[in-house]
Amino acid sequence: MFGSWHKPSTSSTATAEPGAEQRPAQPKPGTRWPWSLLTGLIILALAALIPLSGDAATLHTWTLILMFAALAQSWNFLGGFTGYASFGNVFFFGVGAYSTGLLILAGRPFWLGVLTGAVVAGLLAFLLGLPVLRLRGHYFAIATLGIAEATRELVAIRNLGGSGGEVELPLPALSDTAFYFLFWLLALACFLLTAYLARSKPGYALIAIRESEETAEAMGIPTYWYKIGAFVLSAVPTALAGGLYAYWSTGFDPPTVFDVGISVEMVLLTVLGGAGTLLGPLISAVLFELLSFQFQISGSTFHNSLLGLTIAIVTIFIPQGLVGLVQEFFRPLAPGMSRRQLLVEGVRRVRRAIAANGV
Amino acid sequence: MSDVLSPPTASEPAEAGSQQGPQPLLELRGVSKFFDGLPAVKQLDFAVQRGEIVGIIGPNGAGKTTMIGLISGSLPLSSGQIRYRGLDISRLPPHRRAYLGIARTFQVTQPFKGLSVRENVMIGALFGRRGLTQAAAREAAEAVLERVGLAAKAHFRADQLTVADRKRLELARALALEPELLLLDEVMAGLTPTEVEQAIALMRAIHASGVTVLVIEHVMQAIMGLSQRIMVLHQGNKIAEGPPEQVLADQRVIEAYLGERYAREQQSRLGTVRPVSQKEGKEEQG
Amino acid sequence: MLVLAVRSLPVRRLPFHREVSAMLIAQVIVNWLLLGSLYAAVALGFSLVWGIMNIVNLAHGAFILVGAYTAYWAFTQLHIDPFLGLPLTMLLLFCLGWVVQYVAINRVIRAPFLVTFLLTFGLDLLIADVVQLLFTSDRRSINTAYSGFGLTLGTLHIPFDRLLAALIAVLLTAALSLFLQRTRTGNAILATGMDRDAARLMGIRIDRIYALTFGLGAALAGAAGAMLVELYPFDPSQGGVFTLRAFVIVVLGGLGTPWGALAGGLVFGLAETVVPLLPGIGPGYDDAIAFALMVLVLIFRPRGILGKAFYA
């Protein structure tokens, strides 16, 4: 129905078909579901021990790690499972932050602000999804990017919460540890939701949409409504994270909470871990953010360079993600191979997977 | 043979212009489709009775696949009306039509590439009008895969299949919806003669189980042997409709579609091919 | 936290009086044409790369940035006028684009769109960061001897530098169109854009054509950057906003031809010139306007104004 503006792209994707067959496909959720679930729960359980260290800097780092884990996982609902790559999910983060900030400034309790932010973000995702989810590919990505950018501009011009949109909040009544566990709960909730999607009927609908929307529709799946559902699902936790962040950081402005870099980081983390996988976003959030903070601690401000470089390396060498590489390595092989042969074959496959996307 | 198998409503296959017959299962009234102002289908009137098996032929670019797209809802109509079981379905999205029992295959196969063959078929049973649970859908998928001869490859990833198997998978996905009306878009293209024979047998069996079938096919042997009635499209227009022999004898069809030279060969070959494929069909059902 | 503020381009609007007069309308039209043509230059390379390679190059803004700073550097250090130094800037950017394509993008050319999209965004971050390291995040501007001079007819004022930039933008559009239509290499580029595999079978070296196309796209971005820095103060955070605008312009004009970029640029320029003049709306809504325009066009005229299916 909206195929007409994909003419240029369909021609080139069609010609890419033969090559596409050799490409390691999107990692399939559910193949090692129980193990992935267990691994993820162990990671989160270990993360729950962090406050015991008593080190404020470590706690700060891990609070942000958990926040990005939640953000990446919620991006995964739409971008990974459904295949609609939003480059403007930070919009919902900002909506959550401003709802919380404005309600606190109005003298309301912070939890009311966070919940309001989630509800507002869900509603906005629904309303914006109605037109925007009719677009695909580049167009959807840029439309969402545009929403976030335009909102950042509007918030600043309208002086929402303060001059230029700068919001100053009173010091929170919650301890840093309490904040940590709120973010932890959010990350856990996102993880469990992903685990559910990887095994459930709605999850199959989303994956079917990613693999072929036209076929999904012909198979009786109301694709439009599932997409909107996935958009809402991806917006709500993002807004919750934004709300928590607002209260925790005690002050923010439009360039911070509508930063396109946050959107891109959600995408990067998901792709780096493996789009559409259960474990991917969680693992890469931990790995990448730890690395990133390592750089910051050493006194440099190369965050954007690091982000850019990581993106380049990931997209060129492991576009199927870390989880995809591991799966490729352990894919069931012919019986009767020796360990050495298994290892050689595994390495060969991984190398082939890495070199699969060239001209 | 078809008379025995068809439900009573279709025991007298409607001639061209079937308005006076019983209510058709599917009816196209003055259907047109334009792409950027260029007509792909023009003012098409066409009806299919419940229990029929109808062939659609025509040269490349005649509008056959467009017609399937219009019936299944993946393409919006430019004008006209499509009625199914007497209901106007012209504005319904594809998934609602699937829910009503219309299933299709795609000429260019479009499986869910990253999923296994079994999951591909399962999705058809999970959603749509059957709405099975995952366990039930898995069983239903196994049954359908058995039927189309893909059971041994159920665990393959869909993009690892050969062309013939991909065609089978298309069919299996459509069957998993338990359709009333099955739209088959060149499921035999690219198959070997043996595979074509198998496919014909399979289609007969599907038709015998009570499914109304609309077949687009370039393999003449298949379409002549299968169809009770044939409709010929040429440049978006219906130029002939009727029993296979009658359509093949039609001068306009010969000119438009077959070309004078091939027409004679085709007619002489038809006399030998048709009984053979019918025999195949009987064996399959027995 | 990340700080990647993408501030909007300060469009230097001429003094404006509320009384509607013929002169005023003429001035608005002149402003519109000058701005619109400049926007065509901003989008030209982006349109080429998208149309031929089906890659939405999010590093386009970074190339504009590099172009702007090259011109700035050449002006302050070597005293080369930005307009005269245009060929130099373009050559440098061509090389940069060629290398980026050969080293990075050719490796993922067959991957799903998300991969190329993400990769070019990563390159954008990297390049913008390097530019910031070299030139700091201070705002820079160029003041040539002729800055501020222009043609004056009554109250109508046409600044020289903006007029020159607009003319060069139209010239570049025409040159690109001629190059694609009339030269062997140009035809090879078009053929590759239409059907990569068929082109390969005809003996065209796809990787080279892609590198050439990407290099050209970067060179055109560099030209746009060099002209922008002459007209507006510039800082390293502005790359992103031009990428977004290039996208909107291409969507508005359609992907079909270089002239689509010009058409899109003019429509976009019109919106930016006229909308702030409407009662109840002030300046500063540039991104909102851009976004609203784009969504409207995508929904109502998906192929843009001059929409053609292929680049030709």
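As written, the chains take the letters A, B and C, and residue 1 is the first residue of each chain.
The criterion applied here is as follows: a residue touches a chain if its C-beta (ideal position, glycine included) is under 8 Å from a C-beta of that chain, and two chains touch if they have at least 3 such contacts.
If you want to know which protein each chain is, UniProt gives these names: A = Branched-chain amino acid ABC transporter permease.
Here the structure is a predicted model, which means the values were calculated and not measured.
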Chain contact graph, described as a line, ring, star, complete graph or other shape: line
Most distant chain from chain B by Cα centroid: C
Geometric centre distance via CA averages, chain B-chain A, whole Å: 42
Centroid spacing, where centroids are CA-atom means, of chain B and chain C in whole angstrom: 50
Centre distance in Å when chain A and chain C are each reduced to the mean of their C-alpha atoms: 30
Chain A, residues touching no fewer than two other chains: 4, 20
Residues of chain A that touch chain B when the two form their complex: 1, 4, 20-21, 25-26, 28, 201, 204-205, 207-208, 210-212, 214-224
Residues of chain C touching chain A in the complex: 1-6, 8, 50-51, 54, 56, 104, 106-119, 121-130, 194-198, 206-207, 210, 240-241, 244, 247-248, 251, 255, 284-288, 290-292, 294-295, 298-299, 302-303, 309-311
Residues on chain A engaged by chain C in the complex (per definition of touch): 2, 4-5, 7-9, 11-12, 15-16, 19-20, 23, 79, 85, 87, 131-132, 134-135, 137-139, 141-143, 145-147, 149-150, 152-154, 157, 255-256, 259-262, 264-265, 267-268, 271, 275, 302-305, 307-312, 314-316, 319, 357-359
Complex contacts: residues of chain B adjacent to chain A: 36, 72-76, 93-96, 98-99, 103-104, 106, 110-116, 119, 122-124, 126-129, 134, 157, 159, 173, 176-177
